[in-house]
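Notes follow the structure.
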Amino acid sequence: MADVVLKDIVKIYPYLEKKEKKSIFGRKKNEEPKKKTNLQITDKGVVAVQQFNLDIKDGEFIVLVGPSGCGKSTTLRMIAGLEDITEGELFIDGQLVNAVEPKDRDIAMVFQSYALYPHMTVFDNMAYPLKIMPQEITYAFEIECINEDLKELEHDKAVLEQKGVDSAKISKVDAKIKELESRKAECEQMIAKGEISYRAKMTKKMIKHKVLKTAEMLNITEYLQRKPKALSGGQRQRVAIGRAVVRNPKALLMDEPLSNLDAKLRNKMRAEIIKLRSKINTTFIYVTHDQIEAMTLGDRIVVMKDGFIQQIGAPQDVFDHPLNKFVSGFIGTPQMNYFDGKLVKTESGYKVVIGTYEVELSKEKAERLENKMVGDKDVIIGVRPDHMSISKTGIKGVVEVSELMGTSSHLHCKIDGRDVIAIIPSHGIREEYVGRSLHLGFTGNVVHVFDKETEMNLEF
Amino acid sequence: MKKGLLSAVALLATVVGAATMTSCAPKNVINIRAWNDEFKRFFEKYVSDEKIDSMTTNEAGDTVENPNAPKTYHVDGVPVKWSIVPSQDAQYQDKLDIALEKQEKASEGEKVDMFLAEADYILKYADSATTQNIREIGVTDMSKTYNYTVQAASDRNGVVKGVSFQCCPSALIYNKVIAEDVFGTSDPAVIQEKLSDWDKFNEAAAAVKAKGYFMTASVEDSYRVFSNNATTPWVDANGNVSIPEAINGWKAQSKLFIEKEYTVNDGVWGDEKNKNIVKDKETGYKGKAFCCFGPAWYYNFCMGGATKGDWRICKGPQAHFWGGTWLMAATGSNNTDAVAKIMNAFINDETVCENLIKNDGQFTNNQTVNARVAAEYTASNKGNEFLGGQNDTAIFLDLAKNIKFENATNYDQICNEKFQQFYREYLGGSVTESKAIENFYKDVKTKYSHLIVPVAEEAK
Amino acid sequence: MKAISLERKEKKKKVTYDRWGLYFIIPFFVVYFLFTLIPQLLTIFYSFFEYYRKTVGVYIGPNFIGFQNYVNLFKPIDSSGTIDILKYFGNTTIMWIVGALPQFLIALILAVMFTSTRLNVKGQGFFKTVFYLPNVIMASAFSLLIFQVFGRVGPINQIIVMNGGNTVDFLRQKTSVRALIAMTNFVMWFGNTTIVLMAGIQGIDESLFESARIDGASSFKVFKDITMPLLKPIFIYCFITSMIGGLQMFDVPQILTAGQGTPDFTSKTIVMFINEVLRAKDYGKSGAISMILFIITGILSLIVYKITNKD
Amino acid sequence: MTNVSKSVVDNNKNRNAKIKLIIERIISYSFLIVLTVFCLSFFYVLVINSTKSNDELNSVFSLLPSKYFFENLIGALFHPTSQYVNIFSGFKNSLIVALLSSVLTCYFSSLTAYGVYAYNFKGKRIIAAFILAIMMIPSQLASVGFLKIAVDLRITDQLWVLIVPSIAAPATYFYMHQYLKATLPLELIEASRMDGSNEFMTFNRIVLPIMKPALAVQMIFSFVASWNNYYMPGLLIEDDNKTTLPIMLGLLRSDAIGKVDNGQIWMVILLSILPVVIVYLILSRSIIKGVTSGSVKG
């Protein structure tokens, strides 16, 4: 468990390779590299992550979310130590770790493709990190192991005694028991002194104990002797998590761990991760492009775009109060509807005007706008589909498609050439909307007002 | 399964690797280089001390020498290491040259101490810094050796660099059975009379052919007789290569033999020749070649497949010698005493020499012993078993008197070998005669860039 | 102040692994430079020098002589005006072609046969194993085997003599020696080519064959219009790598003719020539021959590169 | 009626197609069998002749085996009639060179391929292009300079001179690189880093095991290539205690002196190819698969 602090982190990928390639083979094929993203390109190269500042608290579950190419994975990999940090500082547990190798950062990572070692069994996969590096071993854990050994030895002894074999063997077992007990007493003493753990290479017994324990927690005990090839996607996922948590890392990094699963399994695994969190005590840093995962898993979510942080906050908070148009559109499905309109200051507060449709903003919102001293403006007005309703007044649109989703219907309408979705409670009654012309309206407390130019939420 | 295989391979590799690293620790050995194991066998039989390195425990529990272990051979306690490279195509010279050139910097266990050389290229080594004066290392008494052997092993200034362990007057070796069939007798004196010059030899060939036999197994059999009687060298003092006059005799004869099918036309070392001097135990008589030429080592060493007792020798059309194996003392040797000891054993140790004659049918480089054994054989009417009891020593004793070592050059091996090879391509019908001779010159030039060969321009 | 400077120090040190990539390729490159590149440069260097062994321990040179070694190589030294190096290149090419043509033809037939779902050839594993087998066998052992089989007293001649024929000197006649070398190379490589071409055919989208067949194309038409055009890049790649390998032909002719390239140097290859000159320790001349071989191979490689980079 | 006649026509069509297919199959299989016999005939003659005595070999050829197999075997192993043959030392040397070379080739080619594949160091592209470019350079180009250096440094005649250069094997590198590209996700390396492994350990414990199939294939290829190599050892090795099998066979070819027992020659050939053939027969499936996937061998 540890806090992770990212301070002014910047990542720039230098354009080294492409240049070289050109100079060696001056072929015509080599066109200018295509611009795929809106990432900033400087003399030094492509800026993948800009001025990233984030304080992750001890034990927190942070989700980095954003569309592909937004820099979330790069950030995670910088935390992991798999990418170097161009500028800025990274602290784990209060220590500057910019130049510390990943193995010494005491963090673990679950990869998108699981990255299980194909030639090792599940057991070996999970034991691998324990085998190669000295681990933090708690005295409590050692006592647990000793207890188990003792149990085994007692059993052996009983069997031997029953068989009536020569006493030399029994005394050997006795000696072993004695040895273990003395070590147990030592450990207890250390605990009494207030010591918790020491750092050492784990013995084979400890590794086995630890792996079994972790496997049990993740329900993968029965696959321990299998190789990854013989496992299903969900099982592999669990093994990957198991390998990461087996050594009690200070932080657990997860890079889109569920994206390779089908929808049903993904839901299930999401729930499992929530359960996992209650079982192990560590800081989670989770990267996803799926806003539902972000919403359901994170204590806080960090929305990113083009290398910039867009908003940091608790999921509901981000949902309710998106800081800009991008965040509002990225969080929540179906996507928020946008209308071009005007913000007009009235005597009692503010109203938004879309064509002929006018809606008075709620007091709360008006107050905030007032505080920011916002005047009349061309704005983009955002309303979530479930906040739209059929009303007499409102914006006029034609329904093109109607999807009955059980308790509600999704109406896809065309309004001024824009697609707008409204979610209408259906009460189980199938009504034919397609082709009908409707007026869609909303109330003043659910409107988001964004500046037309900066696309920032005017309230904040 | 695969894992096991891989690790087994890796383990084996490490073991093997470790073995190579440890096995090349340098220690003092006597390094002798040769192109075949003829000398090696005599050396091991008569000169060196046998030693068995491997020890074993017998039934009584004592540590004794393991009778099944391979033996090693020592001189003055230093083990002997052989390096045997084929002489064909100057391979032996090439490898020997590399070894001698690195002699200075070679480690103790790698230095060449003694190497064997043939008449064809002895001059190259005798007249170079790679060999040392044997009088200085302790071979002082050369009074009993044949003069030509000393002359051959001397440099321009008359410094003697080696000794021959055999004397190689060459004789005509003929098949007794065929002789009786064709000429009605196998008496050497009569046969010699029928073959006393080349015209008679060719006449005899016709007679042999008429009876369904072949005069020789290959045209190359008589080559040495001609080349040995050459009056000009292959390469003159200015480096000009020319074909000696004497070779023309061989050219004419070989053309005749091919035309009249007097010969089987296999190589002098070929399988088929072997087949034609071999009497097959199971399938009856097969060999159809009447005669070949060679010194004592030839029929003892190279006619292993032929039936003992079926052969006789006589002087033949022209006196000549073939080969001879000189033991050369390499410069930089640190076992000069042992080298001197070996050399002395082969020229001055009468027991060794006597054994060589009596057990191995050799004609040694010790005139005293040769004469004594020849007299002994004559007295007891005994002789070489291979020759049906003929006293070859006495015949060679006579032939050896006339041997002169003249017109030798550094390049004789390649010249003799290549001339036969390319001329045979002509005889075989692949190329014209002039083309064959051009090819010969070309090949000599490839092997010795600095020599001057008759250039094509003249021909154009 | 102190805090700032400390910070800077920390900043310079970054978590980066890329230097490990360099560490990992070091052994490869060190060995490459020491054991390959430097020798290669030395070869090229000496090709401009007169540098050879006259007799044991006595060397002529190194004397810089510019392109003289190259010029000498292209000078005829016999009456017919043949230029040795061109002759050896010719020999190599002829022997390669005589082996490669049946190699590719048969490999192509086999590949089509094996991949045909219609024929559905059973026992493919067995056939492939047998056809590839010669490729893993030592070329030197294979050549010695051929030498034994076709020698004057070998099985083939024994059969000929048994049937009343005369012993045939397979190893002393231009045509038969070349044919034997080509055949050995063919036997050693056709299995390999088959498997590579099969992989090429299997790489073609199966639905193309199916649709062609439904459209009524005959087997031959499918082969001509679908298989061959789509297989072409791999086929050409194979062909040219085989050509490059063929140019470096050495083991088989060397052992079969005991390094002589008999008769009349008609089976002597360019690498045998290098080997011979190098054994005589003529560094200048052998360097020049190596360079010529390298240049020719380089041109062929460039063609391979162009072809493989097309798709 | 019409139905029946139609089905008769169909049947005929079907039968004709069937007959055509059968004929095609007969042709195909005959072709395959002829080729198989052709390929195997060499080995058959080899095996048969290794069972014959010298006398038998010199007389009439027969396709039937004789009874001298063990005699030839023991002769070839313990009492070779050719002085250049020492099967044991040839085997030992060949095994040392081939095993160590193939292990080094595989390990360092994988390491290099991994270095180029997994890391983004400066000049990586140049290096990758460089290795591809040198792949096609004929080995003979280096041989002149290599021999010169080896002679000057007095390191001819040492087995390690044949072994160490195999660390730089561009073709194996290329195969390994392709394999890594196809099979090793970079996330796996990162996961290992997060698990606390250092880079070298990651290579040895994660990457190498994953590359096992490729390693096995390349191991066999480089072993066979090294086992069969004749050119460089022929130039570098002159001490007959260090000769490898191919050189030994070359010497045997030179040693056509009549006294060499022909049965033994056949036996030596058989023995020298046998280990590779056995390994090949056991692993032929993966070898052929390797050829299929690699298809880079020249």
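By written order: A, B, C and D. Residues from 1 in each chain.
One rule holds for everything that comes next: a residue touches a chain if its C-beta (ideal position, glycine included) is under 8 Å from a C-beta of that chain, and two chains touch if they have at least 3 such contacts.
The structure displayed is predicted, hence computed values, not measured ones.
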item	value
Both-way neighbours, i.e. chains that touch chain C and touch chain B	D
Which of A-D and C-D has more C-beta pairs touching across its chains	C-D
Chain whose Cα mean lies nearest the overall Cα mean	D
Chain separated most widely from chain D, comparing mean CA positions	A
Centroid distance [mean C-alpha coordinates] between chain B and chain A, Å	88
Cα-centroid distance, chain A relative to chain D, in whole angstrom	52
Rounded Å distance between chain C and chain D, as computed from the means of their C-alpha atoms	15
Intercentroid distance (Cα basis), chain D paired with chain B, Å	39
Residue list for chain C, restricted to those that touch at least two other chains	153, 258, 279
Junction residues of chain D, two or more chains touched	58-59, 120, 122, 124, 193, 209, 212, 254, 262
Residues of chain A whose C-beta touches two or more other chains	81-82, 101-102
Complex interface listing, chain D residues touching chain A	120, 122-126, 129, 185, 187-188, 190-198, 201, 205-206, 209-210, 212
Residue numbers on chain D that touch chain B, as the complex places them	54-55, 58-59, 83-84, 95-96, 99-100, 103, 151, 154, 156-160, 209, 212-213, 215-216, 219, 238-241, 251, 254-259, 262
Residues of chain B that touch chain C when the two form their complex	88-89, 91, 93-94, 96-97, 100-101, 124-125, 128-130, 266, 270-272, 275, 410, 421, 424-425, 428, 430-431, 434-436, 438-439, 441-442, 445-450, 453, 455-456, 459-460
Touching residues (chain side chain B, partner chain D) in the complex	2-3, 5-6, 9-10, 12-13, 16-17, 19-20, 24, 36-37, 40, 81-86, 88-89, 91, 95, 98-99, 101-102, 105-106, 110, 267, 269-271, 273-275, 277-278, 280-283, 286, 301-305
Chain D-facing residues of chain C, complex	17-25, 27-29, 31-32, 35-36, 38-46, 106, 109-110, 113, 118-119, 121, 125, 127-134, 136-149, 153, 155, 158-159, 162, 187, 191-192, 195-196, 198-200, 234, 238, 241-242, 244-245, 247-248, 250-251, 254-255, 258, 271, 274-275, 278-279, 283, 286-287, 290-291, 293-294, 297-298, 301, 304-305
